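Just below sit the structures, each encoded as structure tokens.
The same chain A turns up in both complexes below, where it pairs with chain B and then with chain C.
Moving on, here comes the complex of A and B:
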């Protein structure tokens, strides 16, 4: 596994390598190198299983971190590939040609984070949210509390009671008077 | 079964999908779900039919989206536990295990030996309960409703044992960062053994009435064939991959807790259809019963069950990220957790096997299937929608 990472370092701009476990490593790669690196791992290094594809919002740094976690079941190892994208113009090449399921992940990331994957099948169709007008909800600057206060409100004509007082009045009307 | 004249009409697109023109009046669009007995949970399938055969299928989710991952970003680490169990209702313990393990790994906490055994026991119990519930879905989808009730009765026996351990029947929240909330109570082994014997009897009845049933065999053999070639491309894991002859099992490939000390085999099949998948799950039930017995015999009855922890209300975990996986009943279940050094997780992402099985794979397998078999096909993939929308 260590040899594999050394080989990859020769061909790709890799930084910030963190060995989380003996068989699990996370590394950062330049945006332009990401798809070639993933393709090489898939085609030549037997990393054939796309475990997850997700994003992390580093709002303070103005970056999205895309994480691709690839698994090789022959040598029982995982590589987590981080790609940093600008929050303002978040766009990434699609990998649906390597894994059919990547299209679903990309559709979800487009909806939840607003990261675009041009050419990915049905990427513009809503996945979970229908008719969503706000900023993508999984971004850190989306305020869930403000949204729910604006969208949901107490129904008029409803009143609430303190349960203890209410039951006392109902069961023992004489005493409460 | 596939119509032998099917390859003549409609014509195929280059990617293998059917050419469909709804204005030709030769097709009809039908929604199966979100409220439909033939759907697992709350999701819907948009089916385009010609006669009674499915020409195109699209999965629609979002009917129970509550934003669990986002909610957890706004909670302290310990407050995530009542939320995470809701992500896979019939087997919540995998959420507890994966989430607490990621926190422990990132914070550098080692859990006591007794807690490892207890966690393995809970995970096997939840696997057994979930498989028994699946039997109900699979048999009912083919019109064998009585077997569904037997399966649910057997599952209820396991829920009694969960209630005895944790106080909760569905959501247990027994695994917490650092270990578990307690070991087994007095007399638990005896009651568990009685339950296991009863479940074995029920399983032998189910073997006769479901797996040797002409209706079930006729409808499930050959249904929903998964080509071993597409297993990686479609992210297929668990019994669905093992039915295709691929021996993928996280418990063997990446042994966690005490699975390396237990004796069991990875069960694989050949035919990769709905019947083979059902048969693999039947054998998995028997394996789980055996594993529970092994664990009960060997697990420590006393000793520390929780590691020394900092005050969890003010617990800060250093900036890092990790991924922990486990083998749930449907395949690889995992949590990817990112921390930023604060009291809150930066990001928690759940990998549920249904995410790949119920969307891309289901959309592929449903094509050319008879409308009456769609429910059976869907249950044979064993999917839970909350994992998809999280």
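Moving on, here comes the complex of A and C:
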């Protein structure tokens, strides 16, 4: 694995290498480098299985982080490739030509985060949400509780307890007062 | 079916004629549901007894609660001895079990299925999700209370309720029907506009007829 990373570093700008285990590593690469790197891993290094493709919303930094997790079944190793995209007009090259299933992930990311993947099949069609009119719901600036209260006729009389406060009151009543 | 198939188009019939078809109008009845007042005769009581003793459930698992229906229909709990059985199509069934949470996408299918069932029909709402949203109460995509969209005959609380409580719930439903209180279909017809209004507020891309049976 270490040699593989060294080989990759000769061709690509790789930063922030995190070793989770001996056979699992996460790399951060530039947006333009990501698809060539994934293609090389798929074609020449036998990382033939796309385990998952997901996104994280770093609201404060104004970035989306895409993570591609690839698996090599021959040497039993995983590589996670992280790409940072700008939150405004987030757009990424599609990888559906490498794995057909990636189109489904990309469709979901387009719907839930609003990340665009031009050229990916059926990426504009609704996936889970039908007729969604707000900002994509997995973005962190979308207030799901407020939206639910506004839209879904909440039944009055619902009360919740903060577990910590509740147990403190129950177990140590003299302390809480 | 693709959405573009629902638009008005010209179709060639088997004998060579060309006709215009508007699927949204021609394939469905646009008539509003009618109220069928139950009679007050002894015969109606007999009918109510018969209805109560043959609850046929639509096999439509909407949420995670559907997992509780499998042990219920298999030998361990064996709901068949109570006259309860599962049917594959809405046309043959008279009980709709809403099993747990409902997303907006599922609600659309639920409404279509419910309207295709023949009256008298009953709705059993399963789990706390149908009462006030349960653990998904603040989710962006699940409804909070079912009684705004469909007339509910009986709620079975729990997250999830065990098959025993489902059986108890069905026994309660039988009592209600025998007392002549299972009037869900008539309530739906009576407050039809209110129900439709609520449904349309939630389902933003309403691309089906208003009443499709």
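Operating definition for what follows: the second predicted complex is superposed on the first by the 153 of 177 C-alpha atoms of A that agree within 3 Å, B and C clash if a C-alpha of one lies under 4 Å from a C-alpha of the other, contacts with A are read in each partner's own complex, and residues count from 1 in each chain.
Here is the rule we go by: a contact is a pair of C-beta atoms (placed from the backbone, for glycine too) under 8 Å apart; a residue touches a chain by one contact, two chains touch by 3 or more.
None of the values given here were measured: they were computed from a predicted structure.
K.L.:
So in the superposed three-chain picture, is A:24 touching just chain B, just chain C, both, or none of them (first/second/both/neither)?
P.N.:
After superposition on chain A, A:24 lies in contact with chain B alone.
K.L.:
For A:8, using the defined touch cut-off, is the partner it touches chain B, chain C, both, or neither? Pick first, second, both or neither.
P.N.:
It touches nothing on chain B or chain C.
K.L.:
Determine, under the contact definition given at the top, whether A:67 touches first (chain B), second (chain C), both, or neither.
P.N.:
After superposing on A, A:67 lies in contact with chain B but is clear of chain C.
K.L.:
Which holds for A:35: it touches chain B only (first), chain C only (second), both, or neither?
P.N.:
neither
K.L.:
Given the superposition on chain A, which partner contacts more residues in chain A: chain B or chain C?
P.N.:
After superposing on chain A, more of chain A is contacted by B.
K.L.:
Pick one for A:99: touches chain B only (first), chain C only (second), both, or neither.
P.N.:
first
K.L.:
Regarding the shared-chain residue A:50, is it in contact with chain B (first), chain C (second), both, or neither?
P.N.:
first
K.L.:
Is A:90 contacted by the first partner chain B, the second partner chain C, both or neither?
P.N.:
Touch partners of A:90: none, neither chain B nor chain C.
K.L.:
After the superposition on A, what does A:131 contact: first (chain B), second (chain C), both or neither?
P.N.:
second
K.L.:
Examine A:151 and indicate which partner it touches, taking first as chain B and second as chain C; both and neither are also allowed.
P.N.:
Only chain C is touched by A:151; chain B is not.
K.L.:
Do any residues of chain A touch both chain B and chain C, and if so, which are they?
P.N.:
After superposing on chain A, chain A residues 126, 128-130, 137, 144 contact both chain B and chain C.
K.L.:
For a test of understanding, state which residues of chain A touch chain C in their complex under the given definition.
P.N.:
Going by the criterion above, the answer is residues 126, 128-133, 137, 142, 144-145, 147-149, 151-155, 158.
K.L.:
Per the contact definition, I'd like the list of chain C residues that touch chain A in the complex.
P.N.:
Against chain A, chain C makes touches at 103-105, 108, 131-133, 137-145, 148, 198, 201-206.
K.L.:
Could you list, by residue number, the parts of chain B that touch chain A in their complex?
P.N.:
Its residues touching chain A are 61-62, 65, 67, 69-71, 73-74, 105, 230, 232-235, 248, 253-254, 320-323, 325, 332, 334, 336, 338, 346-347, 349, 351, 355-356, 359-360, 364, 389.
K.L.:
Could you please specify the touching residues of chain A with respect to chain B in the complex?
P.N.:
Going by the criterion above, the answer is residues 18, 20-21, 23-24, 26, 48-52, 54, 56-57, 67, 69, 73, 76, 78, 80, 99-101, 103-104, 126-130, 137-138, 140, 144.
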